[in-house]
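Worksheet: one structure, shown below.
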């Protein structure tokens, strides 16, 4: 880890100005991934702009029933927030599925979205990785890739995004608020993370100097039954092999009025399953219909040598989660 | 608007911070790279918090920061100016003479072997008990139950899930869970 | 033996327990002599090849940098080490990825890490043209050979009768292959050392399983008389075999301290451990069991193929337990090994027995299936009267009692033996059983004991407590021999200033150290009894050395045995397997401290649970190292993986072991546990998995279509 300067910002304006004033600056929030990567040498900022004491640590109820979650709200506080548990169960469950109690106490809402892949080649400076060192190659494609992507990967990168929270937010149509040198903008979480394409070094659409200030959860999905489920190698404290977040609304005939479905562990970003959603819209969520719709989504999968298991795993997991939500409606 | 930054320190890579460690304010000049864990272990000689992985993957470094459990290996000391830190050395009462009931329960239950994860297990359990008392759910908490008013009852499954950020290679888990149960009864 | 029953065999609390729960216990990297510097090693980023240059200029330009040692300028050892893994910074080639190619020393930890990161190493064959390397183990590897010996000194190849012909003629046959992946010890405390060289004396605080071997190596490498080297290992944060031999960290720490003239602290980064502190070698097993229709075994073959590194021959003795377990007139047990460009394998908790009994006990379960027989009954039927391979009588063997007691406690006979018969919603439930065995070793040891005028005693032996409770049990042994209360005994361990002792390994620590402690204390009690008048101010001291006695032990087969039971659930949605409960019953001689013994046995079972379900290292074929290099990717079991785990034992009175009548308990808990879990998964699903671990990627695709969950 090379020496770096440290600036503690007290306001958003101070933070973005400090970032602009220091070339090679990075924002420091919970640091649970950034400090980890600095120790590995993957990240080497010249200045850290500490944003943990910005006044962004509140969950506000919006007039329409949605929620605005400050970027520095800690994962554990968000997961425990009564309104989040009540209206957006999948968010709470996704957070509680991730990391450990200690890490959730430290990690922030904004930082969670910006965490980087746990691909072992990305983390090892002595191995090729196009994400870390563009042009160096992808060690995982022909190497060890049991945990890697089956959807939307490119020749250059097969990494997955590790966040649980982002998967739930994508399914729930949450949005990211960004504050940057050119002002403020809002991006749907489902569009915030990128597919690797020709530029795997870019995880998200965030621009240099931009700071996540909040995540908003929309009124439209508030209070709808939602769930998050994760399959993993050990019972806790492990990244997802595959995860599923879903929010489901049925009409009075039991037909799907709204479905938000997203997968984790399958792609370089939370995979919003729009095809499956469209296929089920207006249909009854019977096991057969759900299976067919999810299969249509997963038709696009291009598994690698050692990760084909993710396709049936995603299929079964989505079926179980949607089936469970449909059962909730019936009761 | 220009940022109003603090006056530049003599060296751009070091800062002066004050940490309140186990109740005592400790003024330190820290390299910005120094983690809380290394500040405690190397700077203050408080080696109770352990370095098992240095990447937030084992929990041996768990301490309480402003009363909440955290992995000291991933926190930069410079960012903690003014914070309250409790390490395992500060858990016993009366200046260390009287063991905390949880420490006693660990002894009674033989809830450790090599002892290297133990300080982290203890601090984590203390933080976890406070979280449950405050009504924080875990993945083991029924999501369909209405948000708890008050404390979440700690079943063995709850304890296990909430303590999963503390690895123990000796496999003391069943006894650790028993020790935690001893202090909540 | 004049043991006071209330001392030996009682659940005394750990003597160092209070220090461990208050943070007062200091481990190797927690000693900071004045002026202490920090060292950070630099691993090779290539698989193999020759180093052409190490550019240290940027590293030395880092603030606080004190030195950077490289293969070109590091101090030369006075003599080459016996263990090639310790021959660090002495030559310019890289035998495997992760091999240390430089060492940075700086005033602070942060500066040492930065200096290490700034070292630039160049190799003859740069990334464009990597040197060809071979890191992939398979049965048909052309370089596979049968060594003379396997680890532990066992003959690699043994045959009795004609196993092949007997198998071919057997009415009931099982011919199956199993694979166990590379595994890593990952003790919670990474390998660490603090070294101080002053006045011609070298003092090292080391995280090791035995300081005497470390002292011998350091004295030899750095040309010092042994009495000028002190190795202290007061508290050790686990080892599980990986600290059983001196490791590169302690050599490098000592080298840096001697070179810089300052005390030097070196704690290995977790990510370095898989390459330089050993691993359980992958093992490929072929089992052929032939039986009569009534279940009587007529032929047992266990053939193992494993790997070793290019610089050392370590052969995981996985076929050896088949020489101990079941009677059979015909037997073949053999090992082949393939030298590859991989890090050197070494000991991991019950080397040989752990992977070997996974395969053997899984195959026995398959045989029970083929016979339509209860797997407990099959094992009882084939329990031999003498050790099958050697013909020696057992000093004691109570496997059958363990199986029966375990079956009773577990509720084994209440189960429906049909596979895939028990379902709870999307979960399939099953149970399994396996046997366990581990040899009862003992090594020569010295100890002394002093009676003080105030009625207290001091017992000194260079034992190492890696979490076993060695201090406590040795104090109990001493108190029993002295017929003194436990509180009257002070026990001193963990320093080479104390009488020489063997390592904490091979489940033999208590037997070896305790034997010497017992002898010293028994002699002291006699000396005190024969002493007229008050004791002298300095007390009365008696020394003991068990070398002759240990070497004279009569030729019995000495082993502990056990029975492992597991109940699992398999989620048909995800393929996730979880252990609901485990129960082990062991016959391990006299249990000297039930409190610490139970902890060790349970802990061993949990390591076996990890082997079955979560743990594996993957050799990266392109790069020659293990992909799972940290604790986020190498999944040791977490709290949530471990539900009800119980350990029990049957009383065993064995007078042919040592004065305490004890067998080791540190390793047997791990043995057989993975097989019990695997057999339970078969019972749950009807699918036989023959490669570990049982992770969803393996389990889910294999579930039978009728086990797809109803959506």
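Some observations on this one:
First chain written, first letter: the chains are A, B and C, and each begins at residue 1.
What we mean here is this: a residue touches a chain if its C-beta (ideal position, glycine included) is under 8 Å from a C-beta of that chain, and two chains touch if they have at least 3 such contacts.
Molecules present, by chain and UniProt name: A = FAD-binding molybdopterin dehydrogenase; B, C = Oxidoreductase.
Because the structure is a prediction, the values reported are computed rather than measured.
Chain centres defined as mean CA positions place C nearest to the mean of all protein CA atoms.
For the pairs B-C and A-B, the larger set of C-beta contacts lies at B-C. Taking each chain's centre as the mean of its C-alpha atoms, subunit A lies 40 Å from subunit C (Oxidoreductase). Centre-to-centre, using mean CA coordinates, subunit A is 27 Å away from subunit B (Oxidoreductase). Annotation for subunit A: residues 1, 3, 39, 235-237 touch two or more other chains.
Among the residues of subunit C (Oxidoreductase), those touching two or more other chains are numbered 110, 114, 632, 637-640. Residue positions of subunit B (Oxidoreductase) touching 2 or more other chains: 31, 33, 54-55, 160-161, 163-167.
Taken together, the subunit C (Oxidoreductase) residues at the contact with subunit A in this complex read 45-46, 63, 110, 113-114, 117, 426, 572-576, 578, 613-614, 618, 620-623, 627-629, 632-633, 635, 637-641, 693, 695-698, 700-701, 708-711. Only residues 13-14, 16-27, 29-30, 32, 108-111, 114, 185-190, 235-238, 240, 267, 269-270, 466-469, 595-596, 598-600, 602-607, 630-632, 636-640, 642-645 of subunit C (Oxidoreductase) touch subunit B (Oxidoreductase) when the two sit together in their complex.
Those residues of subunit A lying in contact with subunit C (Oxidoreductase) across their complex are 1-3, 39, 41, 118, 120, 124-127, 139, 142-144, 146, 231-239, 241, 287-288, 290-291, 306-310, 312-313, 316-317, 319-320, 322-323. Here subunit A touches subunit B (Oxidoreductase) in the complex through residues 1, 3-9, 13-14, 17-18, 21, 28, 31-32, 35-36, 38-39, 48, 50, 52, 76, 79-80, 82, 85-86, 89, 92-93, 96-97, 99-103, 105-106, 227, 235-237, 328, going by the rule given at the top. Considering their complex, residues 31, 33-34, 38, 41-42, 45-55, 57-58, 60, 87-89, 91-92, 96, 99, 103, 106-108, 110, 112-119, 122, 156, 159-161, 163-177 of subunit B (Oxidoreductase) touch subunit C (Oxidoreductase).
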